[in-house]
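Worksheet: the structure to be examined is printed underneath.
Residue numbering begins at 1 within each chain, and the chains themselves are lettered A, B, C and D in the order written.
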Amino acid sequence: MVAPHSPVEIWELDDPVLEPGSVLLETVASEVCGTDVHLFHGQLSGVPYPIIPGHVSVGKILEAPGVEADALGNPLEPGDVVTFYDVHETCWSCYHCLVARQPNRCPSRKVYGITYSVEEGLLGGWAEQIYLKPGVKVFKIPKGVTADQVIGGGCGLFTGFAAVDRARPELGDTVLVQGAGPVGLSAAAFAGLGGASAVFMIGAPESRLELGRSFGVDEAFHLDETTPEERKDRILEKTGGRGVDVVIEAAGHSSAVPEGLDLMRDGGKYVIVGHYSDVGSIPVNPHLDINRKHAEVLGQWGTGFHHLTRALTLLARHSEKLPLQNIVGKKYSLDEANEALADVEHLRVTKALITP
Amino acid sequence: MVAPHSPVEIWELDDPVLEPGSVLLETVASEVCGTDVHLFHGQLSGVPYPIIPGHVSVGKILEAPGVEADALGNPLEPGDVVTFYDVHETCWSCYHCLVARQPNRCPSRKVYGITYSVEEGLLGGWAEQIYLKPGVKVFKIPKGVTADQVIGGGCGLFTGFAAVDRARPELGDTVLVQGAGPVGLSAAAFAGLGGASAVFMIGAPESRLELGRSFGVDEAFHLDETTPEERKDRILEKTGGRGVDVVIEAAGHSSAVPEGLDLMRDGGKYVIVGHYSDVGSIPVNPHLDINRKHAEVLGQWGTGFHHLTRALTLLARHSEKLPLQNIVGKKYSLDEANEALADVEHLRVTKALITP
Amino acid sequence: MVAPHSPVEIWELDDPVLEPGSVLLETVASEVCGTDVHLFHGQLSGVPYPIIPGHVSVGKILEAPGVEADALGNPLEPGDVVTFYDVHETCWSCYHCLVARQPNRCPSRKVYGITYSVEEGLLGGWAEQIYLKPGVKVFKIPKGVTADQVIGGGCGLFTGFAAVDRARPELGDTVLVQGAGPVGLSAAAFAGLGGASAVFMIGAPESRLELGRSFGVDEAFHLDETTPEERKDRILEKTGGRGVDVVIEAAGHSSAVPEGLDLMRDGGKYVIVGHYSDVGSIPVNPHLDINRKHAEVLGQWGTGFHHLTRALTLLARHSEKLPLQNIVGKKYSLDEANEALADVEHLRVTKALITP
Amino acid sequence: MVAPHSPVEIWELDDPVLEPGSVLLETVASEVCGTDVHLFHGQLSGVPYPIIPGHVSVGKILEAPGVEADALGNPLEPGDVVTFYDVHETCWSCYHCLVARQPNRCPSRKVYGITYSVEEGLLGGWAEQIYLKPGVKVFKIPKGVTADQVIGGGCGLFTGFAAVDRARPELGDTVLVQGAGPVGLSAAAFAGLGGASAVFMIGAPESRLELGRSFGVDEAFHLDETTPEERKDRILEKTGGRGVDVVIEAAGHSSAVPEGLDLMRDGGKYVIVGHYSDVGSIPVNPHLDINRKHAEVLGQWGTGFHHLTRALTLLARHSEKLPLQNIVGKKYSLDEANEALADVEHLRVTKALITP
């Protein structure tokens, strides 16, 4: 990705010099997601174009000098299929890393596929090889999980997981997910696997709701084919007139927030995870929406490496129940990257996958 | 209080018949607070006028048939000075009481001084005697604490305590309290006693800020004599450029919310406890204010009996450091109740006290 | 049950007089569990023999004067099949109920089938009818769940659920359950439904381990046919050499505790829920077992009504995956009660069920 | 410290070569504590003698190439007085660092004054200068806090703080600390500053109890001059017959554990922080001590950098109330190190301080 609005080009780069502790991967698959569309339109600040996009990727180990095991102690050798935590160089030195213990708010984070110039090396997934600098956290894909499943979930898999983890529903809680994109689908799946007694979803189009149902959603409402009143009536009917215990906003539309707060029971929790970019403000009534409701409204920003390992470990146990590969609409070769970007932008596919 | 907008009248009532488990108190003091002003203006729904106002009160036991100890096991006998939990008849049967374990959202709650008609008996504090029905939770005022201190704090004492308890700051967190009324003063005091490393306050008038400083506020900003920019600069300077860890909104003005969210650090907590009535909506940006900030926004509605006992027990240990009696502007006899209401409404006193 | 060690007799009692708020049930099934064996041997103190045993029961509503809905708001009418929370009259007045918010440690609790003399009425499940006093919490059996499933789980269902709730494992944690009785089987099932990435079990006999596997246990170790070393080797192998994140002791044998602490990883959690009676002391090394391990050892005593409703609500979602009815070894009529007691005592059945 | 049991010697070492990101300190003071006595007797495994002892130290910055601020953002320059987190090189790569988020159990930790051979440089506090390798976390001593206070508290200051943080008492809880050494004194002080309504202490000798009282202990029991029965009677009397909410074991004697569990109320918390070395096992009854008590027993191992910064920040607010410098029995020059060790071993001083 040479510059915003320019077509993606294929460049030939030098072979990387491997430092001790680094890992060189042959790319198996890399994700194309909404963030890449934002990158293409120059909507993120501080991006050192030209860059190699692709932040969540799966690869096969070519060489790993001095690396004997992943962060969980699984032994590693050439040929093993792994993924890695794209956010790295968390500083472990600042207030957020050490005192608040919220490294997801560390101001020094670097992200593969986003914050690295192509001059710094093979630091993005849309390439035949990926160079993992020493310290990048690698995780061996658990047995029973496929590369397509991991990338089918992609960054949404981990973000959706993190949203459920942030809410920490109690066993038996009811959960509503707003949004049926990759984040919403993942949140719904993990809410169900994590002990929800009922999982509702509001979203569109129907094909995504169908995916949601296959991942464990008990009742899915089509955003355009049901009215807010119908949804509210039905949800109140299913929750003893109270509303759901936990709402997870993964829609990215401002209008979702007032509806979500309204469908949450008094004393419930509301996780806002879908607003990764600024789409404007909404009116909130501090008395009615927060104070009197005794509400808990939680932003979830980014993910931690533990979200990645926990999500994949849990996925391994329920691999058959979560055919995340079905989220992938289409696979593209490297020279079809521009087409992939366009398809994602125009919602022709939920998730696209680059397979170099 | 015969009806909204009518002057408070003094009525002569029959002596109550004491059921087993009830307690009859000789009123020592009862609070006049903003809620009473709301009652006077008919701004609360479902109030069965005529009523006896006065929800937080202190009394001396006259008779207590069959009651031998308070809820914490302190032995009780006639002459003991006690307070009681004005919110009672929490049903302990509904979803909120039992399953969510948030009895403060129980829909069946009854409140002394608010939800009882005068026909139901001496169920409010602006009277020479108060009849505590069986099941009303009594708590013996701990040694070293005076009735004036308890009523000086009043319901704000417990509400402010509950706000700090809701935030559960970590030891060494910095805390900002917005508002210098009884709730804000109490929140600031308990934030300091609870292990904050710095307590800031924004409010007015100066006399209340002065009270705040005497209760442990490290730096108080006059709402009208400092600009938002000055406050922000100073708070960032004192918090390593990050903002405070915990903000408690006890102002009751919508405009406090955006400023509070702005002064809270990334990953911080914001407790909204000052919006007990509807003063309108405010614009909130889900991306900037919640999601990207990884914020935790918590409404705190009402209090539990444990807030009352814990606040008073902690107050007993620090009695000298917390001269809450200084919040009381003036004491009034029963036949000065209308004057007391007017003085509270027009902010001529922070807290008024009826001493029958 | 006339007295300890005397055969259970069948008595004819008067029809109860129904107070407003009470519920009269026709008994569908009532549990026979280890506690009933303890009652038979006089091993519990303060039991007012003669009593009607049977603490967890399912019944059909005959009459319910003034009761229109259960605690969750589900409408009730004659013919509905319900269960109820056997522990009631929690005082909601003491330190544990109100200040510590741990009503399971309330000293005033009364338990159906245990603490009521037969003279007080039909207050136990081994009877054709059960009289639920006003205030006893009723819960309508959710659609899709059968009475056999509820009683098959029985009190163990709720106790096992409470143990998982006490541990609050994180999504993706590994869990080991020690013991394969009703409590252990339930804990294993809910650990899996609640998001564990792997569930191990140690117990006996093989038939119970087989039940465990059918409820979601990934790997079950026969207590007598594997050595502690073999179990440790295998568990370390499956957990990257660390041990499991959460261990739940539901064995009731002292020897389980040292093995459980040893199989728990550093920084893990250990829930002791199987020691409902005193079977002696064990040696614990405060340095090696607790301090250096940064361990969290949690006792779980009793259950709350929310455990009952949450367990059954979650069960309803996964009804087919949890054939708890298979725990029931045999059904007995009222006049076979002595036989049922003997079969449970001598482990001839895991769970017996009285169907009057 | 050349080898176990050999007298400490004074060696002349080369000036360190300063890497970018390192800090060179002129030692102001370094602690002599029980761990150093253990080191002297060779009771810790894996120590690469000869070493420079001294793990908690305060120094004045001589040079700090490329270091502009501490971890909290306070600007640093030569002459500033700082302390540092002695435990470093936490790997931020393993299961405990990343997935469990318990870096205090990271197996790769390195500790100044303990795990470094003298050949690796000036990596201990009993020296005229201390070399802080890049990545060692520095914290500027807050205004109002003296070096003597920090070292007076020493590692016990942070360990005691961590124990209170582990318990997270609720505001108004009662707390008992067992042990009156540096850890116990610190725990008692921070329990009080953190919102306990009463702080009890059991320990010896009287001089330390006197220090405890000056730090906020409400009632201190001399271990030898009161009987366990007397202590129990008194504590039950002061806690409504229930026992304390939170007990912190900082005694290091096995016998403290049974007494502590007994003095803890049902549903209370017990933190074991005093057993840093193995002094044998004790009998624990899983039924009576854990299960039926609904107990929470928590080991606290090591500390995090946040404990250091939070403890010192809170100390700064209450500097006058916590004259920790009074714990220091005596100051020693470098050539009196052997005498210091002997005085600490034989309890002639609570804390000794090396001032080169």
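By definition in this document, a contact is a pair of C-beta atoms (placed from the backbone, for glycine too) under 8 Å apart; a residue touches a chain by one contact, two chains touch by 3 or more.
Everything numeric in this text was worked out from a predicted model, so none of it was measured.
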Sort out for me whether A-B or A-C is joined by the greater number of C-beta contact pairs. A-B
Can we say the copies chain B and chain C touch using the same residue numbers, with more than half in common, or are the two sides different? same
Averaging over Cα atoms per chain, report the distance between chain A and chain C in Å. 39
Approximate Å spacing (C-alpha centroids) for the pair chain A, chain B: 43
Touching two or more other chains - residues of chain C: 72-73, 95, 100, 240, 242, 309-310
In the complex, chain C residues that touch chain B: 71-73, 90, 92-95, 98-101, 135, 137, 304-306, 309-310
Looking at the complex, which residues from chain C come into contact with chain D? 95-96, 100, 102, 104-105, 240, 242, 245, 249, 254, 257, 265-267, 272-288, 290-302
So in the complex, which bits of chain A are touching chain C? 72-74, 161, 164-165, 168, 170-172, 190, 193-198, 218, 240-242, 309-311, 313-314, 316-317
